[in-house]
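Chain naming follows the written order as A, B, C, D and E, and within any one chain the residues start at number 1.
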Amino acid sequence: MINLHHYLVASAALFVIGFVGMVTRRNAILLLLSIEILFNAANLALVAASRYLGNLNGQILVFFSMTVAAAEVSVGLAIAILLVRHLKTLNADEVRLLKW
Amino acid sequence: MVAGRLLTLAWVAWFAPLAACLMITLVGLQRRRRAATLAVGSLLLSFLCAVTLWWHSLHGAALPLQQAFSWIRFDGFEVPLGILLDPLSILMLLVVTGVGSAIFIYSTGYMHDDPGYPRYFACLSLFAFAMLGIVLADNWITLFISWELVGLASYLLIGFWYQRPAAADAGKKAFMVNRVADFGFLLGILLLWSVSDPLGGAHRTFALPALKDVIEHGYLPQNLLNIGALLIFCGVLGKSAQMPLHVWLPDAMEGPTPVSALIHAATMVAAGVYLLCRVFFLFDAAPIALSVVAWVGGITAFLAGCMAFVQNDLKRILAYSTLSQLGYMVMAAGLGGPVAAMYHLTTHACFKALLFLGAGSVIHALHEQEIWKMGGLLKTMPVTGGTFLIGAAALAGFPGLSGFWSKDEILALAWHQNWLLCIVAIVTAGLTALYMGRACFVVFFGQPRSHLPRPANHAGRGGHAHESPPVMTVPLVVLAVFTIIAGYLGIPEYLHQLHGVQVGFNEIVAVISVLAMSTGLWLAYQIYYRQVMTEQQLIQRGMAVYQALVDKLGFDTFYDWLVLRVQQTAAKLCSLFERFILIGTLVNGTGWVTRTAGGLLRLCQTGRVQFYVLVFLFGMTALIYVNVLR
Amino acid sequence: MNLVSWILGAPALGMTLLLFVPRTQEAWVRRIAVAATTVSLALALILVGSYDRAAGGYQFVTEIPWVPQVGIAFHVGADGISVAMLLLHALCAWTGVLISYSIKERVKEYYLFYLTLITGVFGVFASLDLFFFYLFYEMAVIPMYPLIGIWGSDASNAYSKEYATMKLTLYLTSGAVLALLGLLVLYGGSGISTFSLPALEHHLALHPLPPELQRWIFPFLLIGFGVIAPLWPFHSWSPIGHAAAPSAVSMLHAGVLMKLGSYAIIRIAISLLPEGAAAWLPLVATVCIMNIIYGGLVAMAQQDAKFIIGYSSSSHMGYVLLGLSTLNIIGLNGAVYLMVAHGWMTALAFALIGFIYDQAHTRMLPDWGGLAKQLPFIATAVSFMAMASAGVPGFGNFVAELLIFVGAWEKYRWQTVAAVFGVVITATYLLRFVRSGFFGETLSRWDELRDATTPFQRLPFVALIVALLILGCWPNGLLPIIDTGSRALLQRIGASTMLAGGVLP
Amino acid sequence: MNWPILAVELALAALALIVLALDLVWSREQQERLGAVTTVGLLLILALWWHQRGASGTGFYGLAVLDRFAWYMKGLILGASLLVVTMTREFLRRLPGPRGELYLLLVLAATGMSLLTATADLTLLFVSLELLTFSLYVMTAYVRTDARSIEAGLKYLILGAVASASVLYGIAMLYSQTGHTRYDELTLHLMTHPPTPAVLLGMLLILSGLGFKIAMVPFHLWVPDVYEGAPTPVAAFLAVGSKTAGFAALLRLLLTTLQPLHAQWTWVLAALSGATMLYGNLAALPQKNIKRLLGYSSIGHVGYLLMGLSSASVLGTAGVLFYLLAYLLMTGAAFLVVVAVSQRIGSDRIEDYAGLSQRSPFLAAAMFVALMSLAGVPPLAGFFGKFLLILSAVQGQLFWLAAIGAVNVVISLYYYLLVIKQIYLRPAREDTELTVGLPYRFVLYACLAGILGVGIFQRPFLALATTAIQSWF
Amino acid sequence: MWTINKMFSIIGSHNFVIFFTTSGPHVEACFFYLFTTVMLVAAIGAVALRSPIYSLLSLLVSMFAVAALFVLLHAFFVAALQVLLYAGAILVLFLFVIMLLNLNQQELSRTRQHTLLVLGVGAGLVLLSVLVPILRLTAAAPAPDTPGTITAIGRLLFTQYLLPFEVTSLLLLAAIVGAVVLAKRRIDT
């Protein structure tokens, strides 16, 4: 019998994968991509909870989360373009004028 | 006269010099004549008061009289400022103001050309005030304050010619040695204060009569009294320049000669002896302390006499002789004879002041202090020479002069109390005659030896002296007169109220002492007048002893070592500890650790965004772990 | 508003006025500063005169509720101890402002900071509210930073003025926050939610804190305030700071600022935590011997005149600490009296050294020598200072040290012996100071030095010397006032056995 | 619906639209006036805000509230916005390129912040948080020609997104366990049910995300980089605006909704408070760039704020509110000086501040007051704030935390004094005087007056702060 | 909106949806594991694959799997949104930018820092090991089925959640303005 915790564990796994992606990838685009995974993990948890609680608040939240994710990507990609344009690189770890 | 008037007179006698000092400081520093007038006038006023008091004390005034004001006062504690009039203090008052007046007057001539003339008189007046304070004090604190102030005045006057390094050093040395001594003195005062109320609590007092009562009632244990007396005696060691704290007195001769006469011969150095007599009730009850006092005095008398023999500086000869005579007095007190001590103190004040003033007169004339550059001065300076010889004879104990009588008191006492010390004292008497004879024969007889160029600003022939002006010679004559008659004024009888052992005139002792004196004088005559033997030969004969005496028996070397090695090493060590351990390591180390921690922490900020995410991840995980799964 | 609030109001007002004076009007800046401090001094003298000794307690009290939510009020007033402290500071501040005429650059900023410092110190001495006490305390510390940093001079080759001022500021602030922690715990422990000192005194006298808590809080206050006192081994900020500071700042710094620490220990730590005091003060009495002896020895090894006086200050403050750790009326009166006397003495010392340094541009004793010939007035004043410092009778220091020795003798026998020996050490380095700086042969390079000749130049020195002499010759002037304060304190903490201890065994 | 409770936010949104419209309509020259328009608009909104004092109510189906707390925090945010607009006007003078958008984004961010103070629902919390964050992303990267600005934008965006995802996941957890997103319903549920591990997980994830916003260790790493790289007014907005809003959200969430769980979060916050203080202040010591230094110091100040929060008492929370006011004034003043100076000398290096006291006594004095207030020197505002916070820690028996706070006062004083050293002790390398325009001076004067006023007359401000949160206890 | 509504009604009426949402628990479990596996594997692929295009496509697969899970959970509206928004909008945007920037293989490589790789994976595993025990305890009691139809969602969105909805518009405004400001090529002076 599939219950809430199955979905939540699955979403946790997705969440962790997103995080690992963020740490291990150096490309700014792939970082943004990993962020999408993170948001998806949360979305899955919300929808699952919504189903098992029998109210729709979670799904409303997913609606907003998707909007945010989309906006996030648009701004993020704009910055990525700036990176390539001014710093000639997309590698986030090469962008370290600011440190210490 | 009623008691109140007498006390008022005493207060006036005490504070007149202070008033003079303040007035000179405030208005007179630019006006030379006025400064001298103020100082001399004030001291003469004091002298007048002293004479009046003395006259009344002889004519039935009820003594002792005591009067005190609260100087520090709050509930449960009081420090009085008070005076005590009894024959002892009146006698000392007379000595100080009398000899002082003579020296003040003499100074107006001696210091006439000095640019620091008003300053000199201001300091001198301050000294007189402080000295009178010691004399009159009825309690420890007044005594101690005055005690410190005479030290201060002594410091200022020794270093009067502050531009001379030797004078400045000597002043410093005198002050320091006295400080060390007063360390013990103050502890003694604290100790005696704390036991002055046998019931404990709020009635403890600094007053001497009260302490006397407590001691005489036997409330205090013996060992406590011994400790207290020894601590008080520490102060005496310094002020009266007893071994081993005598080292400052010879150096103090760097001051102007009248200062040496007044402070370092007649009065201040005698303050220690006076103190011993003043608190004799304490020492009387502390036998161990008393014998320490006697032995210290005896040893000082003998060793100082030896050292006086090898000095070439006229003032230093006199200084060591002062040491030696002070040793006599202290010994007398230690043998239980305050009367004898005071007697000798009085006569010594007269003739030693006379000797110093005479020496000052010679120095004033020659601008020279070394005896080997003098000679035959009796002819050129008859008054000075004559009076000096009288003084020297009194010092040597020539029968009939005051010194003979007072010294005989002491010898008789020693004969009676302690035969060993008696032998020491008699040998010292011989020594005294020897070195004084040496000085007199070299300086006043024989041929003039000086080949010095004539001082530019000074009248007289080169190397040949002239007699000093009357303002200097008159005090000499006056003091000479007193030197002769002081033995017949009935001083021991005047002091009969004092406790202690009193033995009368002892013929056997007198004969022995005259013999010793004659031997010494004969030797001096042979060596220095007949010149059967030169000084050089003498030195060669007793090379080791002579050298040891010239080296001041190693005392100065030892103290130099103490100051330079021990004290400076300790200071350096503390300073290094401060600089390298405390500041360098602990304080700066804390700063360094903090900064380094900051420097390391900022390295977390690698600038790599993935790393930041990683830390975020770790942080979050850790939070969850400790909070939920803990 | 009354006397006490105006004493600290005057410099605060002066400071505010200064903000509106153009930078170029230096003469007016100086005049305002002098006027402000003169008013404070005059009022302080009136305060001494009009303090009702018979009544005692806190007088001239102003209380304005400030932050009632946490029990803070602007609460100033003076008891016997603070009257003495206010007088001490008023004179130091006044002479300091006069001495500051030698400051020639950035005058307006200088006086702004200086008046802030002065206000802060007045505030500490007048505060009857722990919050404002702390507030003024910090307010007195922080202006030191620019004052030393801008107008100071390098302390030595090893310690630049920037180092000195940074260290001083941080050190004193560390102490302050440590004390603050203690104060806050005390506030919390008292359970009456007020910072009012009289209220706390009253409350804690009836309901003392548990002894363990007292013993726990006391070291915070002791070390916190002890840093500025300065308690060994937390003293190392002070000599370097003194040496680097301009002379007028050194004057206040050594003269008054150090007394904040001991004042606070008396006023707060001992007064509110008697059990803690009883437990810790014997240790203080022992440690302060390190102050006296060690400080004296280090002073002995110094060549720099300001370092000598600096270490001597930390040495002398050891006597104050010894006096207050006796917890009896004699010692406590002596400690407070010494705070006053030492304040004026050390202010005089720094003013004098500053006078010479301004012309000679060196403070190294070996470089000086025989200055007395060129500077007779200054040399005389230096001798007075040295004698006062060495505890020669006639100066206030003697009276105070005497009281402290007497007070401490029964309770701390061996410490007292060491402390008395400290007087010998003091004399050693001070005489060396006078001897090598002023006596001896005059060096030709100092022919250009000018003595203080005009009455205006001499005024601050003479004022301080006269004040010291009055203290020394007429102790019954100020001591009874101090006595009302310390007696009330001791009675409250129940340690007032007047002369603690019994007869010697 | 009860619209008036969100009057300020609505007005802000309207202002944003006006700015947008004017930006589109106006010519390049006319656009110069956008700053003035924004300022006037914000002043009007400030008047509106003042008009709303004492008002309270709930609306929008319980998603938004107006209470004294929200009102207080909105005041801070409006004040911060005003300061930042002033800085922006100064900043844009030397910046080529578009200008209207910056004002627009600023007002949008202010709207988001303002909403955060009023939010009583996790959904609205998330959305307004994102509104605020998005505007700030763009503002951070606004100087497109400056590599540092771009880098700062990238870092802020990446990490901000991670934080947003954490918040969202946390919300999901809370929701999955309770079925509610509204604060009042959540509270009710949490009070009646024992917390499950997943509830705690949700709380901690939200705490992490909001911790990122307020720069709490270990979620603070972006702060120095972004402060250094972002345009200075934006850095200031991050410091005073975004942080205030973050605290507003955190306070309301923790002290109302998660109040039943306070045993679980107080000690976490206490520990993190100590770590945050130590990290921020220690790492600030070796800094050479004034903006970076202020960034680290802002981390340190968060530590202090958390100290008040972790005591979870009236005094502590009121202390937090008071400190936020003080922080706004003093950090605002510091940034105002930094903007003015860097516009004139073209550098943010602390070394280049040498001799500022000769070149511009006014700016130097302002910096002195601001930094001393940040260090907690009386009688300035920062002092009383720190005093309250440390007092609250002591009252809450957190002695060790109070001790760390006290130690940090000294450490922070050290690096602030290092700046003061350059300004006052070191000689100027150039002699040119730095002059500041009158309106700018006026704002700076206002800040300084505020620092002094709040520092000396603490009572009314503390009363405001106390009444703001009193109903929660 | 109309299109979405239309499309949803088509999907919603379709038989297979009915089938796997109303069939027995075993069937549901099968689908759950299937889609979950696909989702996770594809997500791993997305973060692990070298080529950005492959990564992107892998992500697409993952998101479709998520959408399928949404449907499994009767969240029809968000499932549709997931497909439309992610597949239709976001990923296309990604693709567009990748093409625009003409990224080559080398630039898109994984981090060269192996420490970071190890630490990242390690931290991830630790986080997972922390999360899983917590989430295993979250089984919920059965609740009435409230399918997330567009009607239900829409009603909520325009009543209770009107305020966040409006705020989202401001958010999008900020994002649009931001994207334009930042990515605009010419800097007009």
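Here is the rule we go by: a contact is a pair of C-beta atoms (placed from the backbone, for glycine too) under 8 Å apart; a residue touches a chain by one contact, two chains touch by 3 or more.
Just so it is clear, the model here is predicted, and its values are computed rather than measured.
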item	value
For chain E, the least number of touch steps when starting out from chain A	1
Interchain contact steps from chain A to chain B (minimum; 1 if touching)	1
Between C-D and B-C, the pair joined by more C-beta contacts	B-C
Central subunit by CA centre of mass proxy	C
Maximum centroid distance from chain C, chain identifier (CA atoms)	E
Chain of greatest Cα-centre distance to chain A	B
Distance from the mean Cα position of chain E to that of chain C, given in whole angstrom	72
Chain D-chain E separation of Cα centroids, rounded to whole Å	33
Centroid spacing, where centroids are CA-atom means, of chain B and chain D in whole angstrom	77
Centroid spacing, where centroids are CA-atom means, of chain B and chain E in whole angstrom	104
Where chain E touches two or more other chains, by residue	111, 116, 119-120, 123-124, 127, 131, 133-135, 137-138, 140, 161, 164, 168, 171, 174-175, 178, 182
Residues within chain B bordering two or more other chains	602, 605, 607-611, 613-614, 617-618, 620, 624, 628-629
Residues of chain C touching at least two other chains	170
Inter-chain touch pairs (all)	A-B, A-D, A-E, B-C, B-D, B-E, C-D, D-E
Interfacial residue positions of chain D with respect to chain C in the complex	315, 318, 357, 361, 368, 372, 377-379, 383, 387-388, 390-391, 394-395, 399, 402-403, 406-407, 409-410, 413-414, 417, 420-421, 424-425, 458-459, 462-463, 466
Interfacial residue positions of chain E with respect to chain B in the complex	111, 116, 119-120, 123-124, 126-127, 130-131, 133-134
Residues of chain B defined as touching chain C within the complex	70-77, 79, 141, 144-146, 148-149, 152, 156, 159, 162-163, 165, 168-169, 171-172, 175-176, 179-180, 183, 186-187, 190-191, 193-195, 197-202, 204, 224, 567-568, 570-575, 578-579, 582-583, 586-587, 591
Chain E residues within the chain A interface of the complex	25, 28-29, 32, 36, 39-40, 43-44, 46-47, 52, 55-56, 59, 62-63, 66, 69-70, 73-75, 77-78, 81-82, 85-86, 89-90, 93-94, 97-98, 100-101, 103, 107-113, 116-117, 119-121, 123-125, 127-128, 131-132, 135-140, 142-146, 148, 152-153, 156-157, 161, 164-165, 168, 171-172, 174-176, 178-179, 182-183
In the complex with chain D, residue positions of chain E that touch it	131, 133-135, 137-138, 140, 159-164, 167-168, 170-171, 173-175, 177-178, 181-182, 187-189
